[in-house]
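One chain, chain A, appears in both complexes that follow, with chain B as partner in the first and chain C in the second.
== the complex of A and B ==
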């Protein structure tokens, strides 16, 4: 294999694929990135952790077609440190790959290309296109609620399904829930319910930053593929049953509080400063024209802040984990947030307005 | 086959199966009889771990020949005067031991009531073979020989003489601790193993277990209602790798009860790591009707009518005593042992206490070698440093050191490798590990701040079902109220499933409910209390304390060091860090003098 490619192009592409590669691997080939140069003048880069695979092609001057694999993180670090604007020459032969750029030369150990595992996609019957902006919105507004708890592996991803003629995405860690509802794209009918794993969500979000237009989504019950222009991301799905989350979305919370999310969040952030890192319980006393936020720390003292708000029902005191509350407020873009309350122990619903795509449910704390 | 009554010697042998399973259990019955007979001195001689011979001699009130004959009948006893089995104050009461032992051995019973003639009865495996006058001082002497010689089934299951001896020794230790007002002698194969005079209970415990307990133990004396607990426990820093030296005595009767293990774990929680165990000998006195002794023929198990109250008394009493003990720490003996110290190599490298100008050549090699100078590091790793003389010196203003005599931990004199504080006290040199000490202080301060406050709880949006054993579910359900106070709300969800409704907020989202619940269930089954949750909450607090405390390597000024020492003196548990290691050690003047051969 012999190819020449501009550093900036290589670096960007490598940046996309190398983050899939785990830092430590028991199977040596998984530490490597696959480089495949083809006669048509393209260089294909591919990395996998057996559950997730990113495949990207960039244009390059190829003088001799071929393929090899080199350690992904090392290769990425090398390319990152090469001088800007330089041309990188890659030539592989006899178990080694030479990297030349300017006056620097590297000789990297390679592993045979045939050992490199590729995820078998199988049949992906459901295909639809989704605007990149919509996919970004789905991910941004739900990913914070994804669980980290491996005993409930089926919560460690975003649940994507079609219901009521809409496409819905939900994530929960058992404490809070986030759901985004978007128009059902054409072709999504009969789509199986899927859970997209957290790592895939993270990689997809990074790739989406550079995509305009639409993303091609193809999926079956066990795999999903996202086509993002030059890059293709393929992932296995979480094999599990997502709980029936609709039951925990309250429908009869009749006490409506309207408040500015920015000042609300800033207030919560300020009063939470006094609490110990672990239990950041913030108490909210809701009145007709204001919310009084307070935090009591047995070690440090008390913090109180009033935030203007509008509220029409009986006064109420309720406590939340400050971090959870801020995670949600952070995703609210408008200048009011509706907080639907029932009582101090019942799930609370937050959303921008009745017709906003995103909806959040948060369980109060006992304070 | 028709039903018939069994002959009495067979009945005795069946009973012997319950009461006498090995020489140690026969020994226990005989010594208890001697104590019940009001003996002031008990002498025990055994041979080959008791398999060949067990002899118990006491100076109690003895028996008349007629009583002796009756004593060898089943269910014949002088105890239980008013036939009230609920009110047992003597060790024995069943009247089974003597005939049972006599039915499986060569049994010689000799007794003499003061002022009368002695009498002797010899029984060979249940058959009376000889009877006649005997010459002995007032009291009773019982000899059991060739136990189980004719019961091959039992004989086969006896262990080696060595381990049978260990069992006998354990029995003797327990009984000797239970009755510190009685003198005991215990001989094995002619070697005197225990010889104790009447003494106080703590002294007796120390002399039977380890003499160091006298210095590193805590006397306990606490009461609640009609219950009273006395005894001695070790300081947290004086611990063992095995939980074998933990003894419980209920109304002077040695018992084995898992309640003790759980209560000790509870009391020493966060003072000791899980794999270390305190030494303890606790004496509970409670009304005889508050405890049921007639659970098992060997009477090593008891049932408390108010088990939770007893546990509360033990945990509360010990916790209080350990808090009182405050900063005490058991500086291990080896800290003061001269052999552990390096000595300036003058001629032979030898411990100073034994240093003599001339010593045989062979001995020198046994002496601990002084550490070699640091070996030459390879050129690749050596990093040369600038060695320029200081250009200016800033001498920190020395604060007036407080009077060393006034404080137990003395006045700080300096810091060694920015990690250890060296202080001078009136009776010696104190070395403090600054990180361990400060970590404990921060933890105790945090604990004081949240004392009495409920642990905050985060209810779950989607409650989590956890499948487990039905018995475990029962136990957890029973403890649900207790756990709710710690922020964990669980409820029964079907026969073999528990539902987690809320988790303790300080544990954050790292709670692994299945693992936590199964840990809790295991502890409830094993110890009767659920400590795992508290342990985890403490772990979180401990991590915060660790991050919030002065690290090793931080240079402290003299006022800072003194302030740390003063705070340690008034903070409970400051003698040991969260992991049970000592936070400070003391080198007494005596020890220093020994180092220099002055003593």
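== the complex of A and C ==
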């Protein structure tokens, strides 16, 4: 294999594939990136952790077609440190790959291309297209609520399903829930309910930064594939049943608070400064024209801030984890957020308005 | 002779409850008295504790239930009641606290006490040990054995000497001779594999061990060599640490032959996990990180761990996470000689802090 490629192009693409590669591997080939130069003038880069696989092609000047695999993180670090604007020459033969750029030369150990594992996609009967912007929105507004709790592995991803003739995405960690509802794309009818693992969500979001237009989504009950122009991301799905989350979305919270999400978030952030690291509980006293945020820390002292608001029901005191509250407020785009309250121990509903695509449920803290 | 120049004479007691779990069960259920009893067991389980009647048949703790049943067909299996064992453990710790604040619990049924102070002027450490044993008998209806000496290492060996319901005092002048006569396999820090290795080198007793120069022991046993050299001379300066908090509880096992098949390793992991969980419960340890250690045939070691949001409280979860960690290593690049499996990251309960409520999902 012999190919020449511009450093910036190679670096960007390696940036995508190297993060799929786990830092620690017992199987050596999984530390490697597959490089495949073809005569049509393209270099294909591929990486996998056996659950998630990224496959990307970039243009390159190929003088000899061929394929090899080299350690992904080392190769990435080398290319990162090469001078800007340099042309990188890759040539592989006899178990080594030489990397030449300017006056620098590296000889990397390779492993045979044939040993590189590829995820068998199988049949992916459901196919639809989603605007990249919609997919970005789905991810941004739900991913923070994905659980890290391994004992409930089925919560460790974004749940994607069709209901009420809409496409819905939901994530929860048992303390908060985020749901986004979008138009059902053509072709999504009859799709199986799927749970997209967190790592796939993270890699997909990174790739989406560089995509305009649409993304091709193909899926079965066990795998999903995202076609993003030059890159294809394929992932196994979480094999589990996502709980019926509609049960925890309150429908009868009759106390409505309206508040500016930006000043609300800034106030929460400020008073939380003195909260002890672990709990970060913020107390909210809700009155007719304001919310009084306060934190009392036995070690640090007291912080209080008033934020203007509009509220027409009986006064209420309720506590929240500051981090959770800020995660949600960060995703509110307009200048008002609706906070639907019931009491200090009941699920609270947050949304921009009743026709906004995103909806959040947050459980309070007992303070 | 022990080096005492730097420190005044210490008086240390090791208290060990006699067949603790089994004795509690026999105390609370008269029909079990005089019969061979094993606490634990169940399907694929292991024996957590065996009564003295069961021990006569060769039933030991950590033995698979099936083996125990084979050795003693009349064995009665009883489900462990950890809340009761914990309550009794609190009772005996209160008795210890009457004599000293320097209490280092090793598990629910075992502790080191430093009674150098002789708070109530009983005159000797033996008298304090006898007082503690009498109070334990009066308040809990159970018996304990005590080892009394000038260091932890010998106190622990001594408590085993006149078991059950006995006391053994080893004064400093008798320490080295006491150690010299014992088989090395009983020494703290000498596990089954090290004992085998020592046997091969002709080291059977403390006296054999004492004959080896430090440099030779370090060459053969690495950093442990220094410890073996000292204990063979009856020297152990480790203090009784009252504030000791366990960082982890784990169990590991070296296999008779190196293994590579997933199925075999999964079986071994299950077995080690059962034992490890018994120890976690016995130590009353609450941790949130499950750790799997794999030592390959070439002695390279890898560890894999997974952390939960809170303490791992169920055996089924612990075992499942361990199997998950193992499955993720498949296929293995080389055969495995040892697996270790345990719980890390102690969880300290916050009692009055703010409480995050959960969605009913």
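Everything below uses one rule, namely that the second predicted complex is superposed on the first by the 367 of 367 C-alpha atoms of A that agree within 3 Å, B and C clash if a C-alpha of one lies under 4 Å from a C-alpha of the other, contacts with A are read in each partner's own complex, and residues count from 1 in each chain.
By our rule, contacts are C-beta pairs under 8 Å (C-beta built on N, C-alpha and C of every residue); 3 or more make two chains touch, one makes a residue touch a chain.
Since this is a predicted model, take the numbers as computed values, not measurements.
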item: Clash or fit, chain B versus chain C on superposed chain A; value: clash
item: Chain B versus chain C as contact partner of A:299, first or second or both or neither; value: first
item: Chain B versus chain C as contact partner of A:28, first or second or both or neither; value: second
item: Which superposed partner A:245 touches (first chain B, second chain C, both, neither); value: both
item: Which of chain B and chain C A:96 touches, first, second, both or neither; value: neither
item: Which superposed partner A:172 touches (first chain B, second chain C, both, neither); value: both
item: Chain B versus chain C as contact partner of A:281, first or second or both or neither; value: both
item: Touched partner set for A:330, first chain B, second chain C, both or neither; value: neither
item: Chain B and chain C contact sites that coincide on chain A, given as residue numbers; value: 148-151, 172, 174-177, 243, 245, 248, 278-279, 281, 321, 345, 347, 361, 363-367
item: Of chain B, residues touching chain A in the complex; value: 445-446, 449-450, 453, 456-462, 464, 502, 505-506, 508-515, 540, 544
item: List of chain A residues in touch with chain C within their complex; value: 24, 26-28, 148-151, 172, 174-177, 243, 245, 247-248, 278-279, 281, 319, 321, 345, 347, 361, 363-367
item: Chain A-facing residues of chain C, complex; value: 302, 306, 308-309, 312, 317, 321, 324, 329, 331-333, 350, 353-361
item: Partner chain B, residues of chain A touching it in the complex; value: 147-152, 172-177, 243, 245, 248, 276-279, 281, 298-299, 321, 345, 347, 361-367
